[in-house]
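Please go over the structures that come below.
Two complexes follow with chain A in common, the first pairing it with chain B and the second with chain C.
Moving on to the complex of A and B:
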């Protein structure tokens, strides 16, 4: 009986209305919160979470109110839709339109699930004349342990940000890395001018000698990045001294160290998305309306080189005209360095087609429903006239 | 021959319906079948074996509902237990240089590289979206300052845009040439443009513009007003203002100043208590005069070539600066008087504003004009009315004692 009652609840129209009501409230609050949180944090905290903790008075007093997150609402709507179809809707020809509409909505909901799970969003920053075969994730860092090889290549062990926790250890052939302290966002200052609120931990070797670090709240603005830092100890398999390095994504390049006569490099850097092709920026143009700083057009003239397919061609990326290549879309996202550097947003979304399919299905379903009602109404009118 | 019933539907309970479809009998339950319904189904006789269908997807839903806790548990375990793996890959070495030192990102905003000083009596107004600053100059027009990235779309395009604003024909690009004027204390120079018609109508507008191209940006100083007024008295006000513009901040290091054209000379003896100041481009001498309560007045000595306007025009220009109505007659006693000095015959004038226009205080101007040797010399003391009044006698003595070489 309990199962039946639960099924009745899950399939009820009342639940649909409640869920849609919550969705409206969530969208409204997320829109307001976007002002101080930034769009990325809002998407993560409100729409891709099961429970959305809403900071009611941001910047004044920490008072979080729990709300059903987008993931919870989406899953509940999917269950509600399936349950309603299983229990209440009759499979009749006349209901085909409604089925199509609901299937379209289901695909739309699933599309967001797949986008959240499979989608990737990175950036490629190129100076004029520079060539690159990887993009970076502006909001994620990775701890890269690099083993230079004799053939000019290097073996990279990339530890993702989610694994960087205080006390975490990672073993590699010949050595173990221990994360003594990881700060997702931080401030680094010279030890002599650092205040008392800086952490007492210090590096014992490397480029971070003489610097102090303190933790900061995560950056939320779209145009700012976290300055992540980590104190990492290098423990050789044979024991002995374990130097502690200060690593940060603000440091350029890598830091080198030796373990048992073998040279390694290590860096805390933005997580990378490698491509099997390269892109070279030939020229970046930033046109403005005359007499103003209002942008008229941004465009990046690029050269695409793919050694696997032998492709070597030029393309122009500009607003609303991205480059689509190998499942990736390169949008013109920004510029820097006095218009000599382009910033391309690199988006991978295997589920990009689903919203389009969904819209077509919902449109067709609505057309079906309205047409059938119209035809019935015409038929009734004819009957009443003839009778 | 009796007809064979192939399709039949019988509602046996409010939520249970038996459908006969050909050889098969189907029991449909909406909503879920209760245990009693199941019992009914099992006990119901019939030639064909009945098949339970929970209304379409209900079988699947039933399974999902029965296994929901298990599915949830498995999902939780999968979600919580999954750790992102450490990726290991071979790749060509990065061209990046090894780390040299920890660096803090340079978060300082680009400072305004260009500064200027508004003249007394100018009223600052809201600059809006496209301007950096805007001032209303009584009796003259409106001065705006704006900055654009890079070359701002090009010199010719902007000059021709302004020409269009004052109904002047556009010029070919190679004919757009401004008069160069150095920026004080800098190697940069303005390009000046006089965008007024030769003989403008009384109601026509004109523009005096100065373009200051820097390494990364271009600054535009534009004085817009009645073309006749601009021609009469705009040049001095505009160039005086431009002489206050400084290029600093993050601008390129200033190279040694190139040799400046020799300024006209005049020998002056400053009264006691006057503080000499940097004269700038336009002035040959500059002083700051302080009053008892700390108020100040500015004394300037400016030579301009040629006639540089009539006495009436110059006095009216100064009267405009202290918001007094212009005088109409050249023999108006309020105009001023003549005075003999070491350098020649001076015209001297003194005026005080009717209203408090500078920090709640009245402003006064004491000025003297000398036309000699193809030049017009302007000696002028501007500032707080009390200070100017206190130092007026010293100013007149300062004027009288000036000697030309």
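Moving on to the complex of A and C:
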């Protein structure tokens, strides 16, 4: 009996209305939160979460209110939808339009889930004439350790940001890395001008000698990146002194050290997405309307080189005209360096087809349902006028 | 006493509307005696990145400076084009026109002027305050635009207007020049002679060299102060040149371009008060344009005619009249006046449509390209839907609500036009007619439908509270609101999803949770909630009406509120005054919604 009641609740229209109403509240809160937070953080915190902690008074950090997050809400909507169709709709005829609409909505919700799980967003920044075979994740760093191999090749070990914790250790053939301190966002200053709130820890070797670091809250603005830094000790398997290096993604290049006669390199850098092909920027152009600063168009003329397929061709990437290649979309996102550098956004979204399918289904369903309502209303009116 | 025949009364108000419209257009066409400023206003230039008539340039500057197009004061130029001619050719006099509005007391305090009775001040009066304004502007430049106080924003607006004014002053002539055509010819002559001498390695004539270089320096100093491209040299908008550049170019060809000669002659004639010479210079140049630049000349002519006719202003007047007649029809002579009101609405709609189409032709774009045009189009969409409703229901409710919503949206458009050129060029990211024609148009129709449903619901609530509407009217209003909400759901959903598909096509991601996208989604969700609540029997008539009014709040948030957050791809139109009005609008809607819950004096629920 209780089961029956629960099923009734889960399939009820009342629940639908409550869930949709709550969806509006959540979306509204997430929208106004974007004044203080980056859009990426907002999506993670409100829509891709089970519980969304809402900072009611931003800047004050007084209350963080727990709200049901987008993931929870989406699941509830899906359950409600499936239950309603299972419990009620099969009893009525002529509900094909409704079925079509709801199936379309379901596909759209699933599309957003898959995008969240499988989608990737990276960037490729290229100077004119530069060639690159990887994109970077602007918000994530990785600890890269480059091991020299006997045949003159190199092996790159990349430790993702999620595993960089204070005290974490990582073992490699011949040495162990220990993360003494990891700061997701930080400020680095020369030791002599650093204030009291800086960390007491110092590097004992490498490029970071003589610098002090202090922790900062993470950046939220869309156009600003975290300045991450880490103190990493290198412990050779044979024992002996363990030099401590200061690594940061603001430092260019890698830092070298020797263990058992081999020269290794290490760096904290923006996480990379490697491609089996290369892109070379031939020319970037940026036109403005005469006498104004309003951009008329920006475009990147690129050469795509793929040794596997033997491809070597030119393409032009511009607004509303991205390059789609091997499941990735490269679109013109920005420029820098006095119009000599292009910034391409690199997006991977294997679930891209679902919204298209959903759109067609829901639109057709809505047209079906509403036009049948309209026809009925007109027929009723005719009857009442004639009678 | 014979009552006039009914058909006469049903036709009289519409005929009066047509008479009013025809008279207005003829007035706009009439050219007053004296200088041919209308012809002057039709001349094309490139400013703000597009070919436009001088008339538009003058109007948009005046609107930005003082929120109206008429120049105040006794003996002031009668039209914006006349004002521009004065500014270009007799700047000392133009500088005394009180056209700079200063609302903010602290900004006024900085200028050292006192308000007294006047709100507007002249360039001349403000001149002593320039050093102080410049100092403050340089400081405020460093502050993020979002973080500026109202004083800082007002000050920046004033300095921007002063800069724009100064640029406009230098657009068509160099204020210092006394005899413009002669001086330009001399410059070409002297500089060419000096160059020829230098090439032949003759002994330099020191006086000639000094004179030529002084004249050149003056042109080079003029160039950065001039922001209008007045001289056409080739086909596209990019090939236009500024006057000083064109004069320098002429050194090589030894002949001044037609545009330079024309503006120089106009200037000389204007100062000499020589009407015939001024008009002749314009006629000559127009003939040259008709041969050399026919497309630019035609477009410019059409736009200046459009400006002078002001179709949306005329539409607003007709809508107000239609509303009054529709209200009257509920009091007496129902079907006669209802027909008259509907005919007036159709006349207003025809003018509205003509204005919309003209804008589309001028821009070569689909109807909605910026916030201003979205207001025009929302009003138009409401009219289309309510004309259909009125054909079906025939009770003047559709007419009355459409007239009010049409009027209000055009009023909003008028206020939005104060921020500058409404036919501005599209930023690269929006430069795609396919998506502008589908996503933007459909989603804007969704806004129209929600506002129409909300408008009818307000009429229902007010009608029940303050008048006793009949059960049949009430029933037909229910039908209207339900039908319109169904349409709104379809348009909002399809429009929103098409936006996602545009994003996927252009950026490889379907949905980004950007504030404008979220705003569109809120509308879709709200429409879905209304339909589900109705189907589930959770709300009855009154509930649906209240929810439809709430739809106004949510749609206005999506339309304006999201832009005010100043974030995301869609933040293209921000105005402070709009924020206050949005709050007032939302408060009024909440007030009306609460009115619905008060006890109804007549009838029952």
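Heads up, the rule we're going with is that the second predicted complex is superposed on the first by the 352 of 387 C-alpha atoms of A that agree within 3 Å, B and C clash if a C-alpha of one lies under 4 Å from a C-alpha of the other, contacts with A are read in each partner's own complex, and residues count from 1 in each chain.
One rule holds in what follows: contacts are C-beta pairs under 8 Å (C-beta built on N, C-alpha and C of every residue); 3 or more make two chains touch, one makes a residue touch a chain.
The shown structure was predicted, so the numbers you read here are calculated from the model rather than taken from an experiment.
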Clash or fit, chain B versus chain C on superposed chain A: clash
Partner chain in contact with A:97 - chain B first, chain C second, else both or neither: neither
First (chain B), second (chain C), both or neither touched by A:377: second
Partner chain in contact with A:16 - chain B first, chain C second, else both or neither: second
First, second, both or neither for A:86, with chain B first and chain C second: first
Touching partner for A:359 - first (chain B), second (chain C), both, neither: second
First, second, both or neither for A:24, with chain B first and chain C second: second
Chain B versus chain C as contact partner of A:290, first or second or both or neither: both
Chain B versus chain C as contact partner of A:121, first or second or both or neither: second
Which superposed partner A:298 touches (first chain B, second chain C, both, neither): second
Shared chain A contacts, counted only where both chain B and chain C touch the same residue: 288, 290-292
Residues of chain A that touch chain B when the two form their complex: 1, 3-4, 6-8, 11, 82-83, 85-89, 91, 148-149, 152-160, 162-163, 170, 187-189, 206-208, 211, 227, 246, 248, 250-256, 265, 267, 274, 286, 288, 290-293, 338-339
Chain A partner contacts - residues on chain C that touch it in the complex: 46-50, 227-229, 237-238, 240, 424-425, 427-429, 431-432, 435, 479, 483, 486-487, 489-490, 493-494, 497-498, 500-501, 504-515, 518-519, 521-522, 525-526, 528-529, 532-533, 535-536, 538, 554, 562, 565-568
Residues of chain A that touch chain C when the two form their complex: 12-14, 16-17, 20-21, 23-24, 27-28, 30-32, 34-35, 39, 42-43, 47, 111-112, 115, 119, 121, 288-292, 294-298, 318-322, 324, 328-329, 331, 333, 345, 347-349, 352, 355-356, 358-359, 362-363, 366-367, 370, 373-374, 377
Of chain B, residues touching chain A in the complex: 30-32, 34, 54-58, 60-62, 65-66, 83-94, 96-105, 130, 148-150, 152-153, 157-158, 161, 216
